[in-house]
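Next come two complexes, and both contain chain A; in the first it sits with chain B, in the second with chain C.
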Partner chain A sequence: MARMKFLCDAERCIECNGCVTACKQEHDIPWGVNRRRVVTINDGVPGERSISVACMHCSDAPCMAVCPVDCFYRTEEGIVLHDKDLCIGCGYCFYACPFGAPQFPQAGAFGVRGKMDKCTFCAGGPEANNSDAEYKKYGRNRLAEGKLPACAEMCATKALLGGDSDVLSDIYRERVTNRAARGTPSMPPWGWDTAYGRPEAPKQPAAPPGGAKS
Partner chain B sequence: MRSSPIGRTAGALFAALSFAAGLAAAQSPAVVAKEVDLAQQQQSQQAVQPLNNQPVWKEIRSGVPQITTVQGRETNILIQSQGETWRAVRVPIAFWGGLLFALTVGGLAAFYMIRGTMSTQVKPGDRVIERLTPADRYAHWLMAIVWVTLGVTGLILSLGKSVLLPLIGYTLFSWLAVLAKNLHNFIGPVLIVAVPWMIVRFIRYNGISIDDFRWFAHLRGYFKGEEYPSGKFNAGEKLVFWLVLVVLSTTLVVSGLVLVFPNFDQTRSTMQVANVVHMIAAYVAIALACVHIYLGTLGVSGTYAAMRDGYVDATWAEHHHLRWYEDVVAGRAREQFVQREAAPVAVAAARAKPA
Partner chain C sequence: MIKQAILAMAAIAVAVGVAACGERPQVIEYKQGKYQGKPDTPPYDAAPFSGNKTEWERAVKTRNQSQNEYKRIS
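Now for the complex of A and B:
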């Protein structure tokens, strides 16, 4: 049985937010809820990297451990899904998740949050596959249609990969091997250095990045 | 949104209790300097060893806010590591807290079966004393109803997954949990009024003296029917006042407010700390409250009348609160003896043990 995973290649992500848009469009997600987001580290500084992140479908999921009504379950493919009919909107999964995956439609007074919503790896929920009820609560079930997650399929640079862990590992291993083997040490075959040139070592004393940040 | 008066008050509360440590740390210059340092490391790393993003991953794990176009709470933090700590800390708290609750309830049940209701050794008299005024009793009843509701719903939410869910199944337990969560969240803020009201009404009876320590030293006598003389309130009641009401209930109100108003954009680490404080305070307070409720109802004959009618049998007062009774006899106390028939309410006589 496959073990589904996401993998984001920091050398390839160009922060286009195509995955975020693809996800919102595919599942008709309401305003204020973002199942996926792109975070940029050292924005505007040479050496900046971007990572796209959503639910990582953990093997030992913290959300599952802390949920007071046990509404989470793991599919045979290792995808962590939840039952919105059981969810009470307490927010514990949001406290526990390292990746900020659980989303709530509201953050109102008296702890009124609504039902939790998160990335389903485009695998729907406990309702019948591709039923209206499933679409309304969890979005499209692409896996049941034989497709992979929309975000990864949409990724222009193939930075974001989604699929069987073994296949993903093979692809990534090949990438890493070729990155080192091809090209020259001063100019790898592709990636940030090829696109923008190799960053120079910071001159001492270096100017703070972003200027206005500090 | 942050400039509303409630927001400012809530913000001040957080600061006062150091709950905003995470927020403050994220905004202090030291962390920004760390970020600058890591950015420079990444730059140097790329010059000497392209494709090695170790400084970037280090920066991500440090929890420093980054840049994102997606709006929402803490969307600019890629990985928050303290969630794992919170998850791990909850387990022993729920285990020991649940055990404490089970032992308290079980211990009281066993005590009741062995000892039964503790009664006075003398016959009920003709005179009664007004122990608590209506205002005292209203304050206490508001507190009692709200507090017990919160205790029961809180226990359902924290221990229900282990205890109730296997018994009643997912669907029914989810309905129960929704009910419990909403009762807890909407009734909880009543304590903002109930706790200070209760403190104001009862603090006059709860001064501490050396006799209270002696009372605890003679605790065995209390259960044998030979109580160490106490004033209007005995040391056990004073412990409930100071620890359960003043310390723990206040802690529960403050930490509960942090959790129940997520609309003020408090960070996850703030809410994790508040949740841990809330859980520990709640389990200790619930265990003590169980003993308090037992002794006030089933445990000691005639005590419940003080809370129900306000009047207690004079022999009850003599037996359980001798110093107070002496004060009433000597006319030093605010209260006076009233003939049973003259009392505005029918006072149930304390059950007397056949001598």
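Now for the complex of A and C:
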């Protein structure tokens, strides 16, 4: 298996917020915390586009780099998770994240900021798989049940895909080919360059020594 | 009598001497840039897969392919 990724196809998203609802329901997310949300660009203007946004589980996650207590870790499937017992709720990860994924529950009369909460790719956290402790802190661990994230599996138009990056790439490639056959252009998958980087350009062979200078 | 007192004192001395041996460090040894939290187990570790990685990968791959409607509806 390669690594787990999300892919949002802006050509298909109809802004139904089904992914947001599925996530909220699956993990009992409290009021005010949105692990996933739908962002619409040029709302109301012809050609508007909607994108479902959550933690993209970046290859080189900036939240991991800035965390002062080093509570983030990456699983062997490439999912970025964190230990809530260590988190101090400082909010550095929120400033570092290009997707605005980290969420902070506001609890108490003085708006005290709680421990960070974010999308877990439905993979729970550092507690025993499918235990009560894991559910209370991180939500349901669907991955341990052999399932994929609820948001992606619930998406009616299959705009949001989640899972093994090789399979996602194959699915998206097939869509792009079909659209091209109909004369509809496709955009590159939103956020992939930011989250996973661009593929490295092939290196040019070095110029032979003593060659002509221009 | 004296022998018993010496033995009792020796027992107390030993008990006091090793009292701290069972105490675990309360503070995390901080290493910059290294994950400091609890270790996590892989998703296929617990039931229903009980450590069978191949079976888990097959299950996830099947779910993954069901997201491709070009293959699902044919």
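In this section, the second predicted complex is superposed on the first by the 174 of 214 C-alpha atoms of A that agree within 3 Å, B and C clash if a C-alpha of one lies under 4 Å from a C-alpha of the other, contacts with A are read in each partner's own complex, and residues count from 1 in each chain.
Definition applied: a residue touches a chain if its C-beta (ideal position, glycine included) is under 8 Å from a C-beta of that chain, and two chains touch if they have at least 3 such contacts.
All values reported here derive from a predicted model rather than from experimental measurement.
Within the superposed three-chain model, A:Y135 lies out of touch with both chain B and chain C [touch as defined at top]. Of the two partner chains placed around the shared chain by superposition, chain B is the only one that A:V53 touches, whereas chain C remains out of contact. Of the two partner chains placed by superposition, chain B and chain C are both touched by A:D85. Residue contacts after overlaying the shared chain place A:G32 against chain B, while chain C stays out of touching range. Looking at the shared chain after the overlay, A:V167 reaches chain C, while chain B stays out of its contact range. In the superposition on chain A, A:A96 makes contact with chain B only, not with chain C.
In the superposition on chain A, A:A144 makes contact with chain C only, while chain B stays out of contact range. When chain A is checked against chain B and against chain C, the one touching more of its residues turns out to be B.
By the touch criterion defined above, A:C71 lies against chain B and chain C together after alignment on the C-alpha atoms of chain A. According to the touch criterion, the shared surface of chain A, contacted by chain B in one complex and chain C in the other, consists of residues 69-71, 83, 85-86. On the side of chain A, the complex with chain B involves touching residues 10-11, 17, 20, 32, 34, 37-43, 45-47, 49, 51, 53, 62, 65-71, 83, 85-91, 94-100, 103, 107-113, 179-180, 185, 188, 191-193, 198-202, 206, 208-209, 213-214.
Residues 29, 32-33, 36, 38-40, 42-48, 50-51, 53, 55-56, 59-60, 66-70, 72-81, 83-84, 86-87, 90, 157-158, 160-161, 165, 170-171, 173-174, 177-178, 181, 185-186, 189, 259-263, 265, 268, 271-272, 275 of chain B are the ones touching chain A in the complex.
Chain A makes touch with chain C in their complex at residues 1, 69-73, 75-77, 81-83, 85-86, 123, 125-130, 141, 143-148, 152-153, 158, 161-164, 167-168, 170-171, 174-175, 178. Partner chain A is touched in their complex by these residues of chain C: 30-49, 56-57, 59-61, 63-65, 67-70.
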